[in-house]
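Pasting the structures in now, so scroll down.
Below, chain A partners chain B and then partners chain C, in two separate complexes.
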Partner chain A sequence: MTASVFFGCTFIAFGPAIALFLFTIARDPLRVIFLIAGAFFWLVSLLLSSLVWFISVQISNKESAPQQRGLLIFGVVLSVLLQELFRFGYYKLLKKANEGLLALSQEETMPISIRQLAYVSGLGFGFMSGAFSVINILADSVGPGTVGIHGDSQHYFLSSAFMTMAIILLHMFWGVVFFDACEKKRWWCLVIVVASHLLVSCLTFQNPYYVGSLVPTYIIMFLMGVWAFCCAGGSLRNLKLCLTCKDKDFLLANHRPR
Partner chain B sequence: MDLISTKWIIHLLLCGLFYGVSCNSVEQKIYINLNDTVPCVRLLNATHQIGCQSSLGGDVGVIHFLESEQNLEYVLTNGNNPPYMVILESHLFNRDVMMKLKNGSSRIAGVAVIKPNSNPAGAFSPHTTCPNENTGVYSESYDPALAHCNGTMWNPNGNGLSYEEFSFPIFSLKDDNGTEVIRQCYMDHNRAVNGSVPVYPLCAMELSSHMSAVTDTVTCMRRSDTSGLSLNPEQVCDPLGNYNVWGATKGLNNSASGHSENETVVVAAARLDSRAFFHGISLGADSGTSGFITLLAAAGALANVTREAPPPRTVLYAFFQGESFDYIGSSRMVYDMQGDKFPIDLDNIHSLVEIGQVGLHASEGLWVHTDPVSRRNASIETEVKNLTDIFRSVASSLNISLGEPDVSQPLPPASFQRFLRAQPIPGVVLTDHRTSFTNSFFESMYDNAEYLNLTFPAGLTPEEQFNYVTDTAKGLAKVATLAARTLYRQAGGAEERLAGINADELTVAHMLYGFLIQTKNPWFEAIVSPEDLPALRAFPPEHYVGVNFNSNSSTKLVSYVFANLTGTAVNVSRENCSNSGTFEDAADSTDMNSYTWVRGVTPPNATEPAGYCVRSTTRLSRAESPAFLLGEFNSSTYSTWSESRWKKINARIFLVAGHDLEMLTLGLGLAVLLLSLLITFFVNTKADFLFSSGREPANATY
Partner chain C sequence: MTTSDSEEDSYDERSALMSSETPPVPSYQPEQSDPDPSAQGPVLRRPKSSERGPGPEAELDEEEELTLKYGAKHVIMLFIPVTLCMVVVVATIKSIGFYTEKTNQRLIYTPFSEDEVSVGRRLLNSFLNSIVMISVIVVMTIFLVMLYKYRCYKFIHGWLILSSLMLLFWFSYLYLGELFKNYNLAMDFPTVGVLIWNFGAVGMICIHWKGPLQLQQAYLIIISALMALVFIKYLPEWSTWVILGAISIYDLVAVLSPKGPLRMLVETAQERNEPIFPALIYSSGMAWMVGMANPAEERRQQSDAEAQEAGGSLGAEDSPDPPAGAQGACPSGEDQEEESGVKLGLGDFIFYSVLVGKAAATGGDWNTTLACFVAILIGLCLTLLLLAIFKKALPALPISIAFGLVFYFSTDYLVQPFMDNLATNQYYI
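On to the complex of A and B.
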C-alpha cells in the first residue's frame, strides 16, 4: 500500500528477531558466525527441496489444478522434512566443531555451550525462513495498491507479517528443543518437533481463511515456547521470582558465606 | 550417474531458467495493467508549454465516473476521498468540464477519457479558432484587417483544449473489455448508494506520464546536452519534424541547388500531417488525409500523359509534413529555396495549386481560395484569374460544382501562405468550405474514416473491403481528376489531352483503406521495400508529425505510393538498383531520379514475391523548422514546436486501503518492535538467573 504499511509489516515480522539479535547475538562474534552458518544450512535445505519440486512440476501436467495442488502439498511436506534433516545435520556438525574448538582454544571450558548453540542456530533458521517468506510481499507493499481487486482478502500483508513472526519464533523454539532432545537422546521429542513443524506448515493451506491458520499457529508457538523455556533451564519458580523482583534476594540468600 | 541422465537433468535446468523467472504473483494480485491507452504528452514552443504532466512516480486517484456536469460538484468539493481520477465519457469531454477540472486540480489526480466506438453528434474541435495564427502570411504588416482571423474565423468550433496546459495526466481509453473491468470495479467498490459515503477499500487508478521538459523550447534545448561533452548525455526534448515528400513530372537535378535556368515549375502542394488532443489517435481524415490522397491520385493520373507529351512547365508535387504546428515542412522548404539549398528556388515557381480539406465536398461543393493582398498586383491578378478560369472550365466539364468565395476573403490556413510570406506568387487553395471550415471535427480524434462516410456493406472480408469502391472514393477520384487536368493545363499542356487524364477510383479506394483503416493490405505489401514490410500492421499509420523519423508515420508510405503511381519499372537486379554507378546516362542518373527496390506481387506459380526496381522522381527533404537549424529557439517567424521526452508511460488500476488501516498497521508494527525490545532486554539481563534451574546454585555465584 504505502511506506507506512511497509514499515508496519516489516516491524511486525522481524521485530522480535531484530530485538533478539541486537541484545543477545550482536555482541558476541562467535554467536554471529554460528547464526549465519545456521541460516546457510536452512538455505541449502530450501534449495534442495525447491529443486525437487521444480523438477516434479516440469514433469507434471501443468493444466490440471488438483495435480498442481497435490504437488504443492508434496513440496511443503518435503521441505519441512528436509529442513529438520538439515537441523539434525547442523547439530552433528556443531558437536564435532565444538570438540575441535576446545582442542584449539587455550581455555578449559567451552567458549559457547550447546544450549546457546541451539538457540543461535534456531534463530538463524528463523531469520532465513522469515526472509524468504515475507521479503517479496514487503516489496510489493510499498506500491500504492493493496490486495483485493481480484477478490482476495484485504488483510494479506498483515497476516503474512504475523505468520512470519510466528515462524521465526517457532524456529528458535524448535532449535532449542531439538538440540536438547538430541543431547539427552529423547527421540520422541524429535518426532514431536517435526510433527508440529508439519502441522504449522500445513495449517497455511487454510489461507485465505486467516483465522484458521494464524490462531492455531500462535497457540502452537506459545506451547513450544513454554517447552523451550523448560528445556533451556527455566522454571516457573525462577520466572515468578524474576517478575516480582525478588531474584536478587534469592541470589543473596543462596550465597554461601565464606 | 551415467551420461544420459546427467544431460537430461542439465537440459531440464536450462529449460527451467527460461520459464521459471518472470511471474510475480503478489503484484498480479494487486494491480491490473491497462494496455491500449493513449496519453496526452507535453509540447513546448518558444513561449509556452501545452499538454499534460504527471508526478514522477505517477498520480494515484480514486476512480469516479462523471455522470454529468452537475456531478462535478462531488469531485471538486463534496467528495470525501480526494484526490479523484475522473473518468469522462466522450460527451463530457468539452471545454467547460476540462477548465473546471483544471481549476480544481488539487483534488484531481488525473482524467481518463473513454473514446467511443462511433463518433458523437455535434461538433468538437480541440484546435484553436484561428489555426497557425502567427506564422501564416496575414500579419499586421501584410494586412491588419486580415490578421488574427479578423476577416474570417476559420475554425468556429475550436475550443483550444489542445493548447491548454494541464498539471495532471490525461489518458484516453478504448471502450472495450479493459474499460468494462474498470466500470465493474467502480460499481463494486466506489459507488455511493443514495448519499452514503463509499467505504474503503476503494477502486483507484494510477496514471504515469512524467514529462522531462518544462517551460518552453528555449529552456529545454538549453538543458539538453548537445555539446557532446558529457559521458551520459541527457536530452529532455526533441524538435518536431519529419520529412517532406516531393517529386516532379520531370527529373530535377538533385545535386544542383539554387536557381535553375530555364525551368518554370507549377507547385502542387498538400499537407501530410494532422493532430488531435491525443497524438496517438489523430487520423485527420478530412483535415489532412483527404488532401494528400487526392494529390497522389492526381499525380498518378498525370504520370502517363506527362511522359508522352511533357508540358512546357514542370509540375512539382510537394507533400509537407508538420503543417499543423506552424508550417514546419513548408517553412523549411521555402527556407531551403531561399538559401539555395534546393534544386529550384522561388523565382522558378510559376504558380502554386494547393489541395486542402476536400473530404466533405460531396455536400458542400468545391471552392478555390485566393489571396486578396497579392492580387492587388496586376500581373499576379492575371495569373490567378487564368488559374481560376481553368479550374472552372474543367469543373464544369466534369460536372463538379466549383465556386469562388468573396474576393476580399483571405486564404485559409495553408502551406501556400509560407510561400507568399517569402515572395508574391499566384496560387489557389482548393477546399470543401466556402468560409469557415465545414469540418466540425477539425484536428480531433473523431475526424476518422467514419466521418468521411467510408463505410462498407456488412459481411465483407478485409480483402473485399480493400477492393470495394465507396462513394467517398468515387468522389475523391473526381476531385483528383479535376486537380490533374487543371495542373496539366496550368503547366501549359494541350487541351486535347485533357480527356485522357482520369484518376483511378480503385487506386483512391486502396489509398483510403491503407491510410485510414490499416496499412497491412495487398497493395502496400507490394509497393514497399522488403525491409519495411514488418512496419505494415493492422492499424492505420500515425498522421502526427512526431519527432526524428518515426517509423509508424505515413511519410515513407506516401513516398512509396508516389513512386509506384508516377514511376516506372526498370529491368535491373537488386544490387544494381541501389548502386548509383549502374546508370551512367545523364537522364537516368541518380541525380535526376531515385531508384528503389520494392517487393512486388507473388506470381501465380511462386511462393516469393518477385521484386523489381522502380525509377521515380520521389525525394525526401528534411522537414525540421529552420528555427532549430539557426538556433533561434525563441523565433517568432518559424515554428519552434518541440516534444518533451519521457521515461515511463503506463496506467493501472488497483484497490487502495483507508488511511486509518495503514496507520493502524504502522502503529501495530512499532508496538510489536518496542514490546519485543523491552522483553528481550529484560530477559537478557536476567538470563543467568532465569535459565539457572539446570545447574547448582553454588556454581552460579563464582
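On to the complex of A and C.
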C-alpha cells in the first residue's frame, strides 16, 4: 500500500489527462483559462445537484437504507443531467463571447476555434470530475490501512483509478461530440451523448462487480473516442499521414521539414 | 504571548494595497502612431499593424485583439504565482501539524476568544474580532496614505524594511524550525544561522533594491505564504471567515470610492509618476525598452513613461525618475517593444492563501480545497476581465473571496456528504 499504490493510482487516473494538458494546452494561455472555466462550470453543476440531493435527504427517512440508496441513485441521475445542461450552457456562453469578440474586432478568424474550445472545455469538465471523484481516495491511500477489511473488494483503489481515467477521457470526447452536434444542429447526437453519460454512471451501480462496470465503460470510451475523432475531422487517411509523418499541413504548422 | 506590532504593520501594508493595479491605459494600447513593419517584437502585434494603416478603426481593432491576447497572457502570469503561493500554504498545512494545532494564543487584534459554548455568543465574538481587525487596518492604511501624501518617504521605507526584515528572518526561522521538528531532522545553530542569513539578506536586496525579476517574485510569494500561515495559525476559526468577508467589503470601498485610501494612494502615485513601493506589490512583468525621443510623439512618450513606471522596472528598483529614463535613451528611431505586466497587491496573495489554507486545515477534505482554489482563480480571471474593460485600479479581493467563501461553505456542507456517499458505494457521476 501507501506510496506505490498512491503514485500508481495517481498516474493511472491522471496520466493521460496531464499529458494532454502539458502537450496541447499548457502553452496557450487562452486555452488554460477556458479549461479552468470549464472546471468551474462542472463544479457549479455539482453544487446544484448536491443541493437538491441534500434537501431530499433532509426531508426523507434517514433510517431507511433502501430509501437512501434510492435517493442516491436519483442524485446521480440528476447530477448527470445537470452536468450536460451546464455543458450546453457553457457552449452557449462561449458562442456568445466569440460572436461578441468577432463583431468587435472585425477579424476574419477568432483567436480560438470552437473545436479547440470543445476539446478544452471537455477536458476541463473531465479534470474536475476526475479530481472530485478520486482525490480523497488517493489521499487515503497514502496512509496506513487495510483495503476491504470488512469484506469489501480488494481492488478498490485500482478500480477507482481506472474508472477515473475512463471518465476524464469520456468527458473530453463528450465535449467534442457535444459541441460539434450543437454546431451542426444534430440533436440526436446530443441525446446519444447524454444517454451514454447516463449509461456509464448507471453501470457504476454494479460496483463492486467491476467486470460489469469497467469493461462496458471502456468499450463506450473507445467508441466515443472514435466518434469524437471523426467529428474533429479525423479519418483513416489523416491518421495514416500523421503516423507516418507525411501530413504536410501539420508539419508546416510546426515548422518541420517535409 | 502575542506577536509584535511590526508584524501587524507589515500585514497592514500588504493589506493596504489590496487592489490589483493596472498600468495606465497606454500600456494596453499598441504603438499606433508609427507601425514599423521592421520592428522586432512579439509576432502577434506586428502583422496587424502593418496590414492596416494607422487610423481610428485600426487602433480599435488592434486594441481589442491585443486586449484579448495580452489579457489572457496576463491572467496566466498572475495565475501561476497565486497558484504557487496557495500550493506552498496547503502543502505546509497538510504536512506540518504546527499550523493547525489549537492554540490559546491570539493576536492582539482579535481579542475576543471563541471558546464560548453558545453559538450566538461565538458569532458575536467573531464579529467583534473582525471589527477590531478592520479598524486596525483602516487606521494603518490611512496612516500610510498620509505619510505618502506628505512625502515622508524615509519613514515609509524604514517601516517597510523593518517589516520585511522580520518576515524574512524571524518568520522564516520559525518556519524552518517547525519543518525540522516535523521531519525529525537534526540541525545545528551555525548551519541554520548561515541559511537564514543568506536567505534573508538576498531577500532584502531583491525586494528593496535590485535583483532578477523571478527571484524577486519568488521572495514575494514566500513572504506572502509565511504571512498567510501566521494568520491561519493565530486567527480563530469563525473570525477568519468573518474577517475575510469584511476585508473584501473594505477593499471594495477603499479602492472604488472617491475618498477611499487605496484609491488616493494609487492616484497620488500616478500623479507623481512614481512606482508604488516594491515591497507591497507583485509585478508580473517588466517594462523593457524605451520609446522614441521624438517631440512629435509627446503622447506616446508620455504613455511609455507611465507604462514603464507602472509596469515595474527591471528588477526591483525604486527608480527615482522613470520619465527621464524613458525619454532619454535610444534615439535610434526604431520602435522597441515594451511589455508591462499586471500588478497584484501582496495582501491579495495573503488573503487568497488564507482562504484556501483554512479550507485545507479544517477537515481532511481535499474536495473543498480544490473547489476553493478553482473559485479563487475564476474570481481572479473575472477581476482581470473587468480590469481590461475599465482600465483602472480595481480591488482584487471581493469577487475571488466571495466565490471562495460560497464554494467553501457549499462544498463543505452540501457536496461533501454527496461525494462521500458516492465514493463509499463507488458510484460515479
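Basically, the second predicted complex is superposed on the first by the 237 of 258 C-alpha atoms of A that agree within 3 Å, B and C clash if a C-alpha of one lies under 4 Å from a C-alpha of the other, contacts with A are read in each partner's own complex, and residues count from 1 in each chain.
Here is the rule we go by: contacts are C-beta pairs under 8 Å (C-beta built on N, C-alpha and C of every residue); 3 or more make two chains touch, one makes a residue touch a chain.
Fair warning: this is a prediction, and the values are worked out from it, not measured in the lab.
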{"item": "Clash or fit, chain B versus chain C on superposed chain A", "value": "fit"}
{"item": "First (chain B), second (chain C), both or neither touched by A:19", "value": "first"}
{"item": "Partner chain in contact with A:94 - chain B first, chain C second, else both or neither", "value": "neither"}
{"item": "Partner chain in contact with A:205 - chain B first, chain C second, else both or neither", "value": "second"}
{"item": "First, second, both or neither for A:137, with chain B first and chain C second", "value": "both"}
{"item": "Which superposed partner A:156 touches (first chain B, second chain C, both, neither)", "value": "both"}
{"item": "Chain B versus chain C as contact partner of A:220, first or second or both or neither", "value": "neither"}
{"item": "Which superposed partner A:76 touches (first chain B, second chain C, both, neither)", "value": "second"}
{"item": "Touching partner for A:176 - first (chain B), second (chain C), both, neither", "value": "neither"}
{"item": "Which superposed partner A:54 touches (first chain B, second chain C, both, neither)", "value": "both"}
{"item": "Least C-alpha distance (whole Å) that remains between chain C and chain B when both complexes are overlaid", "value": "5"}
{"item": "Contacts on chain A seen with chain B and repeated with chain C across the two complexes", "value": "54, 136-137, 156"}
{"item": "Of all residues in chain C, those that touch chain A in their complex", "value": "57, 61, 64-65, 68-69, 72-73, 75-76, 79, 364-367, 370-371, 374-375, 377-378, 381, 407, 410-411, 413-415, 417-419, 421-423, 425-429"}
{"item": "Contact footprint of chain C on chain A as seen in their complex", "value": "29-30, 32-33, 36-37, 39-40, 43, 46-47, 49-51, 53-54, 57, 69, 72-73, 75-76, 79-80, 83, 101, 104-107, 111, 128-129, 131-133, 135-137, 139, 156, 159-160, 163-164, 167, 200-201, 204-205, 207-208"}
{"item": "Contact footprint of chain A on chain B as seen in their complex", "value": "9, 12, 15-16, 19-20, 24, 26-27, 29-32, 58, 60, 185, 201, 203-204, 206, 652-657, 662-670, 672-673, 675-677, 679-681, 684, 686-687, 689-695, 697-698, 700-701"}
{"item": "Touching residues on chain A, where the partner in the complex is chain B", "value": "1-2, 4-5, 7-12, 15-16, 18-20, 22-24, 54-55, 58, 115, 136-137, 140, 143-150, 152, 154, 156-158, 161, 165, 232-235, 237-239, 241-242, 247, 250-251, 254-256"}
